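Just below is one structure, and these are the notes that go with it.
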Amino acid sequence: MRKKIILFILLGWLLLVIGDRVDELRVYQGAQIAMYTIALASIVLLTGYSGQVSLGNGAMMAVGGYAAALTLNNLGSPVWFAFLMAIFFSALFGALLGTAAARLSGPYLAGTTLALAVGLPAIANQFSFLGGEPGIFFDVGLPPQRLGQEFTQYKWFFWIATLIALLALFITSNILQSRFGRTWRAIRSNPLATELSGIHSSQMKILAFTISSALAGLAGAVLAMTISLVAPGAYTLTLSFALVTGAVLAGVSSLPGVVLGALILVAIPEIADALANRLGGGENVSSYLPGLIVSILLILSVIFTPNGPGENLHRHHRKKA
Amino acid sequence: MQKLLETLLIGVSTGSIYALMSLALVLVWRSTRVVNFAQAGQAMLSTYFGYEIASRSEIFWLGLAAAIIAGALVGAGVDFFFMRVLFKRAISGPAAVVAPVIATLGLLGLIRSIVGLTWGGEFKSIQAPASKDGLTIGQTTIPFSALNILIIATVSLILITLAIIFQRTNLGLSLRASAYAPEIAQLAGIRTARTRTIGWAIAGGVGAVAGMLVTSYNFLSPYSLDLLLVFGFIAAVIGGLESMVGSVIGALVLGIGLTFILNYVGTSLVFIGGFVVLIVVLLVKPDGIMARGKARRA
Amino acid sequence: MSGLAVSELAVSHGAIVALRGISFSVQVGQLAAVIGSNGAGKTTLLRALSGLNKASSGSAQWNEREILGARPDALVRSGISHVSEGKSVIPELSVRENLVLGGIWRGDKSDTNAAIAEVVELFPILGQRMSQSADTLSGGERQMLAIGRALVSRPKLMLLDEPSLGLAPIVIEQIFATIDQLRRKLGLTVVLVEQNAMSALEIADIGVIINLGEVVASGTASELIDDPALRAAYLGY
Amino acid sequence: MIRKTPRKGTWLAATVLASGSLFATALPAYAEAGVSAREIKLGITLPLTGAASPGYNKIGNAMNAYFKYVNDNGGVYGRKITLIQKNDEYSPQLAIAKTNELILKDKVFALVGPLGTATYTAVHKSVNLAKRGVPSLFLNTGFSGFSDKKSYPTSFMILSSYAMEAKIVAQFLKDNHAGKKLGLVYQNDEFGIDAITAFKAAGTKFDVTVPYTSGSQSAATAQTWVSQLAAGGAQVVVFFGVTSATAPLLAVSAAAKYAPQWILGSVGSDPLTLRALGVPVAVLNGAQTPAGNPSPNDTSDEYVKQFQEINTKYNDAPFDDYVLQGMNLGLMTVQALRAAGSNPTRKGLIRAMESKGSSFASVAYSPLGYSKTSNVGHTGYYMAVMDANGDRKPFGGTVKLYTTDSGSGPVVLSTFKRPAMPAKGLPSNS
């Protein structure tokens, strides 16, 4: 345990040092990577560990984003409290949904969460306090003065996002290595046997849904921070699909893999853009090339290494052990 | 009273299009045990073919025929070149639950990108085969047009055709047998793999009709059929995923339900309406309204 | 030779060897009973012969043509029908549809109807239930329907997997009598897999006893019945 | 804790990968972003696809066509202009992401013609354009809120504001439609609210008001608008929304045989776009609309004629209001860049806009309001009537230009004469 704490602190320090050395775009993307890392951890926990398929993580992120923004704007609370409220409300919502979800299996759950992903963000258009399509602002404020003039807004976002992501990963990895993590894996691989051994699998599933939602909500608040805004347009079906994609590309049951998945999600549009510029196809190419690359990667990875690129690596480790 | 009638009529018209998509999803689910998210992509690609023909010939029905043929070929192609490869590699491990979903999502993305690269993202429209003008009954004009009637008629015709194929022909019997019990069907001499591909082709053709009909009163873009997919899927789940009749009933329930929300509650709540209808149905019957005693689970 | 010739057939499921070195032959018109306890590999043998399971080595010839490696539906076309374990009917379909299914591959409606009429003659009870869902049939009726469906395919070789499973003794007797009657009338070659050794051997020409994936004894049915050691070890009385 | 070693390995590998990519680009040294010896890079975000894109998606290409024309004729002080278009699908979130890309990755010199009220509000706040000192010229939105020079020190408007438009329409209603039942359909965001506020100030009372949410427009929703309007008996309906909302509104009204006198706001009344959206242009016949520019079919206009020629040669798109607008943005941009001098800086560009912007040549009839204390662009409208071909003619036969401001100023009949088109459409100002 102590080793792990040291590892995380070291990691954080390394990231902050890197943040000082790169230009603003990379810092901004670093914050996005941190955001995706949290969001993907939420999927890994739910799908990779408890075996439930959710296509509605975008909706959970929206709950978190709106909870954070409404808290900050209406209560004038400190920023950390807004993030805490994002966790609280999305967990609450996740628990409610998880109660329904625990009764559903496979495609029924996928359908329900898909419907949620489409429907929930649109609610913002109905109630004026949610700001409609333009959304509401979520302004975590300028970086503290003592950090100096050169300390940009985006670097501030990067610091906050990285700190939150590291904390979230630390806690998640501890949960996954605890009794709960083991039980989830047992339920996933053999639901009947687990039920017979006296474990209430539905309660455990609801718990997984709740924690996963809390993580997603936190990611939603971080996303809102990086764009200073919560709006339905930020939590689209495309986002939900992208998250599932990232989780699969990273290996759906590997927590460390989420960093890689997040990196891929941020890097691919960038690579595609560079490629599009080289090909010189104009707007059409740069709009659709990222999708093309992601889709091809996704299809190949499902066919060849459905459990992620780390799959073969892990197998080696296991054999040795 | 008039508003109620309008809502019902529009709801049936909307629901009937959902029914086609929902039917396509159910057909594939029954035969392959996969929720085919790429169905929207297949329908979109076929509709683009239909659009090309319809806008060149200026005959909607020619476009529709082209779309159906394209849809059937694309559907068969997806099964033959994609699903067979996918299922040859038996997937195990934590990804097993998501793999088929992810694969079809990937395929949806792939088709969308190819369509986008080929046709661009601009909205295309197809000249509707009938007037969009509301019908006048006596003194009042209701927002229910000849096009709506035509949509309902076209869908009914397709449903009747499908019912005849499935209930009265050997092909239909083979399709049903292969879906219910592939092994027994195979032992009875049915070429189940080929039958499955035919099933995908039929689903593709049906999806293409849905795409063309949606496009006839709306626009076509690489994203324009996403909602059709979502609502078609919700309808299929409401119907219990297994039952073709259930999927049509589910679609009508959903279409009417959503139109009621649109006309009586609020525009923005339509989208969440799908979720509400779904969750209500599933909490009462977790395996859909047409579930048999023993549910098949994925 | 004409008939069924199985030699050195082996089947593995992953690392587990389910069958090895299986050899026996059945002349045209003969009924072979494959006997063995639960888990001996009988079902695996039939599934390998009808193409449902892949054989890992060996050969099986029907009228001097190799059948291993062919798809089940292709084998139906060459006259081999497999009635799989557990009353292989499709409960979602009606009785008539279950029967029609067996004839689809020939694409000859009138012949299918004729074949169905023959089946109904054999199992009059099915004639009364034609439009009912197969779901509503009793166990014995289902088994009749499964055999009837196979007959509609007009097979030359019939592979029957435990037709007696879960049926009342009186029904079992009836089914076996029908099988015997059938093959005499139609000149069918039959491979009958059974746990119910005595009833099977009574109507069989030859018998093959399988234990733990291997043939432990084979010969004419009467030889097997008369061997006291075998009776004690495998036939259970 | 037993299997820690391999896990730590994976952790580290992932982190190294992540940090490696962050290191991949180093800080380049530059004098002024986006300006090199040969090139000036500019950026625009606009909806190229999606529900709100029809019409607007032509603006970028039209600007680009005009820039190509200028580049082929020597560029701006020898530098070629490159315009990078980014698709924001009219979503604030995407607009922010794309603007970030333009500024941080593509390192554009300035934004030109960013489109949309909600999107630009979000962009300005989130990307912090003012603090970064990024000039943002010729906003493609008429939201009067952007005329607050203190909050938007680096932004410059071009369109007459929605408030001005509403005030002029209010005057027109008083003069020409007094005593009739009035209806209003508006987009329920800053765009529409701007108009509402102005109507309120002018004392115009609507008998039916139908707000709609941006992005919700469709045939189905339009049916609810029309039934509300018809139920309220509106005889004159004012519409303040985008073209993708005009289309279903007019189509459904025609379908329901509901035919009030339409007054379509300048934003949502482009006939070609309506036609592309499947609405027969004939339904526009007789609709009244406030307009700032001459009709794109008016070849007697020197601007229109020149732009049409450039369009034919460099763009190959049907020449409509959006293409005209895009070309004009190009013309204005080139004048601004020239005014900023041969070694342009962002600060210099903003100073040039403040000091010389009001004298730029522009196709619109009304005066430009740029100064040290104002970033207001055009300041007036004339009323026009559409015909069955979708063309528009000035109401009453000749252009009667009204000017006003976004505040409480009066609506004045103007005699302003706009500057002449530079020779061959190539500015030579400095």
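Every chain is named by a letter (A, B, C and D) in the order it is written, and numbering of its residues begins at 1.
What we mean here is this: a residue touches a chain if its C-beta (ideal position, glycine included) is under 8 Å from a C-beta of that chain, and two chains touch if they have at least 3 such contacts.
Predicted, not measured: the structure shown is a model, and the values here were computed from it.
The busiest chain interface, judged by C-beta pairs in contact, is A-B. When you average the Cα atoms of each chain and compare centres, the chain farthest from subunit A turns out to be C. Distance from the subunit A centre to the subunit B centre is 31 Å, each centre being the mean of its Cα atoms. One simple way to say how far apart two chains are is to compare their mean CA positions; for subunit A and subunit D this gives 35 Å. Centre-to-centre separation of subunit C and subunit D, using mean CA positions: 78 Å.
One inter-chain figure worth recording: subunit A and subunit C are separated by 56 Å, centre to centre, where each centre is the mean of the chain's CA atoms. Chain contacts: subunit C has no residue touching two or more partner chains.
Across the assembly, subunit A contributes 125, 287 as residues in contact with two or more other chains. Along subunit D, residues 48-49, 87, 213, 216 each make contact with two or more other chains.
Pairs of chains meeting the touch criterion: A-B, A-D, B-C, B-D. By the touch criterion stated above, subunit B contacts subunit C in their complex at residues 170, 173-174, 176-177, 180-181, 183-192. Those residues of subunit D that touch subunit B in the shared complex are 48-50, 53-54, 57, 87, 212-213, 216, 218-221, 223-224, 226-227, 251-252, 254-258, 276-278.
Residues of subunit A touching subunit B in their complex: 47-49, 51-53, 55, 100, 103-108, 110-112, 114-116, 118-120, 122-126, 188, 237, 241, 244-245, 248, 252-253, 281, 284-285, 287-289, 291-292, 294-296, 298-299, 302-304, 306-308, 311.
Residues of subunit C that touch subunit B in their complex: 50, 52, 71-73, 76-77, 81-84, 88-93, 97, 100-102, 104-107, 149-150, 153. Chain contact summary for the complex, subunit B toward subunit A: residues 29, 35, 82, 85-86, 89, 91, 93-99, 101-103, 105-110, 112-114, 116-117, 120-121, 222, 226-227, 230, 233-234, 236-237, 241, 266-276, 278-279, 282-283, 286-288, 297-298.
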